[in-house]
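Naming follows writing order (A, B, C, D and E), and every chain is counted from residue 1.
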Amino acid sequence: MSSSEHIIDAREIHAWYGSSHILHGIDLQINRGETVGLLGRNGMGKSTLIRTLLGHVKQRTGHISFFGKDMSKARPHEVARSGVAYVPEGRGVFPNLSVRENLVMAARPNKRGEQEWSYERIMQTFPRLKERETNLGGQLSGGEQQMLSIGRALMTHPELVILDEATEGLAPMIVNEIWRVVGEIRSSGMATLIVDRNYHKVLANSDRAVVMQKGQLVLQGEADKITNDPELTGYLGV
Amino acid sequence: MDLSVFLIQLLNSLQYGLLLYLVAMGLTLIFGIMGVINLAHGSFYMIGAYMAYALAPLVGGNFFLTLLVGLVLAVILGYLLEWAFFSFLYDREHLQQVLMTYGLILVFEEVRSLLVGDDVYGVSVPDILSGSIALGDVMTYPVYRLFVSAVCLLLALGMYLVFTRTRLGMMIRAGSVNREMVQSLGIDIKFLYRVVFAAGVAIAAFAGMISAPVSSIYPGMGNQVLIICFVVVVIGGIGSIRGAFFAALLIGLVDTFGKVLLPEASGVLVYVLMALILLWKPNGLFKAG
Amino acid sequence: EDALKVGLMLPASGTYAQLGNAIENGFKLYIEKEGGKLGGRDVEYVKLDDESDPSKATDNINKLIKSDKVDVVVGTVHSGVAAAMAKVAKKTGTLMVVPNAGSKLITGPMCAPNIFRSSFSNWQPGYAMGKVAADKGYKKVVTITWKYGAGEESVGGFKESFEENGGEVVKEMFVPFPNVEFQALLTEIAATKPDAVYTFFAGGGAVKFVKDYKAAGLMNSIPLLGAGFLTDGTLKAQGGDGEGLLTTLHYADSLDNETDKTFRTAYNESFEMKPDVYAVQGYDAAQILSIGLAAVDGDATKTKEIAAAVESAEIDSPRGKFTLSKAHNPIQDIYLREAKGEGNPVISVAAAKLDDPAKGCRM
Amino acid sequence: MNQHETLLSGQHITQRWGGLTALDDVSLEIERGTVHAVIGTNGAGKSTLINILSGELKPTEGQVTLLGNDVTRWSQPRRARGGLGRSYQRNTIYPDFTVSENCRLAAQAQIQRPWVWWNNAQQCQISTTNASNAILQAGLDDVSNSIAGPLSHGQKRQLEVAMCLSTHPQVLLLDEPLAGMGAEETERMLALLEQLKQDHAILLVEHDMDAVFRIADRITVMVNGKVIATDTPANIRSNPDVQTAYLGEH
Amino acid sequence: MIYKEKGKTLFVGLFFLALALYPLVGGEYSITLVNKIMIYAILALSLELLVGSTGLVCFGQAAFFGIGAYAAILLSPEDGPASVWFLLPACVVLAATYALFVGALSLRTKGVYFIMVTLAFAQMAYYVVHDTSLGGGSDGIYMYFTPGEETWLDLSNPVILYFFTLLFLVWTFVFLAILLRSHLGRALAGIRINEQRMLASGFSTYPYKLAAFVTSGGIAGMAGFLFAVQDGFVNPEMLSWHLSGALLVMIILGGLGHLHGAMIGAFVFVFLQEFFKSAEIFGDFAEHWHLGLGLTIIISVALLPKGLVGLPELVQKRLFGTQAG
């Protein structure tokens, strides 16, 4: 049903939190090496969609396959192992592990056995982390945690990185830096799914974009088409 | 108290402290690191002791073989227990675990009573370790106790290294604060925690087996060590392997000298110590790490 | 006439479960011997696990008396539980026999016409041993026990007679109950170098203490004396370390009287194990009831008449004949025994016809 | 009322953690009627500064003055009752309560009467009124009866500010209130701040430069625990040090 | 929501009514048993105030209970009955005073550390009564005369005592129910969920927690008084951690965060004990009654995530279903 060109091929996804129905039948495909922006106002279900795809939301229906393999019933670690990394909103840094430990605990080479994102490279990319190497995750400032979370995701050498509000709380220079890293990730052939409130940046850095409203995809297409879509601002509430 | 007696008492406290650490070590894993409030820890210890007694005749009376077989059985037991009783509790209110482990205590005690009866038993010290060494002209010290101390030290060191130096240790610690994120990094947390739990049970049972020859085996023995184990873990600082180690030694010291110097208050001393330490350092002696 | 209901309130779980079992066996053995009857009435049992938990004791005995409407209660092992039971029995006038708990409360301040004890008082074996120790020429003795009623009373008895006979208790050591870490105190004993050590421990604690004492190398240099529970039912678990220990108790192996022989064979046949002192106490509890109830044709409410009958009777126990004091504690021989293999054969009578002082009994 | 009286000031605040100096001799003053933005690199010590001003942390050195009182030794709750309100960078709402109860409970802090155990707190006039005002201000009125836990991230951020407002503070310390908010909510929040600053003093820590330059009256820039500049927005924008250290090619 | 509230009130009302009518049908023993359960229910309610409502998991509640009970006996004269009006307040005050002392110190700690410090202080109290002659040592002490004997409030009469206890159970429940809705109660709930936020809003949380602790200790002391009066006998095991643990088990079993949960927990826990112990039903296997109790507890944890109070909701869900999933 899906070509293995798709990293993610999700069809008819529904999800619930308890008795509230959050996602109403979503179809989403992400191709290899493709950068997709996910836009929508607060509370429209962006994060829920991501968590559902990754298997964290238990109450879900629909078909999800990763890399051509059906993983509708897969558990989150299986999804991650198949080559997906996740930078969650709120960062998810382990407060009781040092910066170093946070990074190396789950590091693994990619499917070809290469380690492009070595520990040293992460340290070069985020010099601030280098300075705080032995501190516990819980002692870092918000922005430092964000960098750590991205670094940690990269060190698992995924095929797809999902960034949920990766620039939240970062200083402008670091934000630029993150966008630069996103660019780097993009050019290295990793696919990315980006959620960010700065939709200009998202659209500028994506191949394709999808827009969510109330648990449904209301708009999708090439990034530049979307950028010029008159309905966009309405959906985003600007 | 003259010097030689004082030194022997020091040795006593060290040895008692190490034994305490051995018993509390499994709890450090299950409670301190996994965060499961495990009242049944004493039962695992009790199960170990009874295994040392009951398995011996089955494996031809060889103590070390008994240890090995017991250890394997304990790992299996722990693995199954986690699967059957705990795997669905992590998402729930922490206190639910209190209830679960309380139920388990009752069940384990009765099963033990049905299988082995309520008698008091003893296990003899293996022949090669049955000697004693003289301490001055005052008294002798059994080699076996020294052996137990050595095993404790080794285990303590091993566990410390695993936790601080290996990725496995990092994953376990990470899992104790954010299960979802650990999964998102591709780690099978369910399996990981099942293994940790099994290890905790195995260590507790091992403690029961190895200390069986120097203690006696009797109904209710598990509940007696339970509270003191919690004290050890908490004084040390929850999640800290190093802390639990020093806490155990400290308790050994206070208990030993307390019995001699302040006999009227010896029962309560450990608790006074705990209260004082926690009032002084509300997070235990050592923070996690 | 309907059956006589006997409430057996004994521990079925916890540390004392084994003791409860032996008492029950002994009790039933006697009743069976009597054709299943007491005072001419069929016996019906109501069993209740007292868990050795004093805080539940009052509820438990109330249940037996008020809900199950038993005519007689038999219990129990734990002193605290027995004391709570005695309090209720005294108030309700229910006929009660204590088959083990040696607390001084029961035949002291709480004594009553309807309450009997078929076992001993904690004081008795200790007192007997004091004399033995003095006779052996020991001058300085250290005592060690758990810090709780039974231990303190036992040590108290020892101290009383040992010092009456010219000895001196140089140090009284206590371990918090039920702690079993003795090493520190053993070192202290070794440093004190007394002529002997007197001790009261039972069950798991007794096993551990003897093993530790031996391992500390003290067994040969400082003789260990104890109340009988040190080596009763624990010798096997001590794995030979208890060999040769001297203890005092109101029962021993190889007493060689007729009653004991028949009792032992019968017990062995019925339960396929050797009887112990607890079984004897259970047996005698039944015997006391039998004597008392026979005098009133099974009417358990006539406690005055029952008391009169029991007080004047001589009870033919496997331990040897004994009578009951005014406070209803056995006036009995206390034997000096020596541990051999898995038994405690008698050496001599340490104190003949020893009565308990029963302080505080107003009856 | 003096439009520009100083409501809160910190003098020579230093905070060290072991070898790390998170704040190095920082002083600043916050006046009524202004929004005073504190911007700076990640880990510059902005949240730490708020923690110290609000009393959550005791500084290694330095002094804090609130409404003319030296409050350095005051506990956090005492400062809060004295007119200081704060919001957190991470959400600190009560997830089990409804939105309105979240705010009402915060409002209750101003009229604590714990010994009156017989009155139903939810019928307490003052706190309910304060709470519903705050909810209205923060634009949460359509979810005011929902349980707070399942709200979206952005809504929780709004609630965070609403709870802060419920306590009727004179000085607001807002730690990245716009983080995670959508464009629409950002607009609303900015309008709210605009309106609040009439009679409040606001310290705003924020990384959204568009917002900061739109609304701030004064800006303090921090780098690695030090203040490198305090000035009007226009001057800050053109300050070359700030350009290189923080803004980049903004 | 409102429907649920009403159902709860109705349930509690019927429950108390049933208790009030029970002496009409119950035999003498079962009245004393129910009386004892009501005392445990009061005790469970006192603990619920701390654990369920304030989030302070106290592992030493038995100490306050025991102190109340010991006080009742130690303060009773040996030559005649004590006055209830003097003795009861005295017990409450003594227990509350100890709670003040314990709370003042232990509230400096949090979480598991708090659990252990409260345990430590309870053990201290335990060893004081166990190892000193003050309270009769390990065998305990008893009361010579029941308070109020030969007055209209003769507590040695089981039926009078029953209604006396019931009165206090109802009072405790209503008192706590009202208290939890008040400013104090809401603040305690806030502290349970997020203490940091409470501090930032301007609540000095320490006095609040201390107030809850002392109130709870006082109520436990009251339960202790009732226990001592009913049994006329107390001993150190009343202060042991086993009882503290059992109380925790009761309120968790019932369902944390609900006053009626604490009561249900106490009743069900004791009932289960009696049930599995009953030789009429289980014959000789009744000796192994812990097994049945243990298994029941395990099953209830597995099936009832919210404790017994969650049962109706669960049944409703099963019967009517809610959504796919």
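Note that contacts are C-beta pairs under 8 Å (C-beta built on N, C-alpha and C of every residue); 3 or more make two chains touch, one makes a residue touch a chain.
Keep in mind the model is a prediction, meaning the values are calculated, not measured.
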item	value
Shortest chain-hopping distance from chain C out to chain E	1
Separation of chain D from chain A in steps, with touching chains one step apart	1
Chains touching both chain C and chain D	E
Chain of greatest Cα-centre distance to chain B	D
Distance from chain B to chain A - Cα centre to Cα centre, in angstrom	43
Distance from chain C to chain B - Cα centre to Cα centre, in angstrom	35
Distance between chain centroids, defined by C-alpha means - chain A, chain E (Å)	50
Rounded Å distance, chain B centre to chain D centre (Cα mean)	48
Shared interface positions of chain E, touching two or more other chains	127, 130-131, 288, 290
Shared interface positions of chain B, touching two or more other chains	109-110, 113, 264, 267-268
In the complex with chain E, residue positions of chain C that touch it	12-13, 46-49, 53-55, 57-59, 62-63, 65-67, 79-80, 83-84, 87, 91, 103, 105, 110, 147-149, 152, 176-177
In the complex, chain A residues that touch chain B	54, 56, 75-78, 80-81, 85-86, 88, 92, 94-97, 101-102, 104-106, 108, 136, 152, 156
Residues of chain B that touch chain C when the two form their complex	1-2, 5, 8-9, 12-13, 15-16, 109-110, 113, 117-124, 132, 134, 138-142, 144-145, 214-221, 224, 255-257, 259-260, 263-264, 266-268
Complex contact set, residues of chain C against chain B	13-15, 17-18, 21, 147, 173-181, 183-188, 190-191, 203-208, 211-212, 215-218, 233-234, 236-239
Footprint of chain C on chain E - complex, ascending	27-30, 32-33, 36, 127, 130-131, 137-140, 142, 230-233, 235, 237-238, 240, 242-243, 277, 279, 286-290
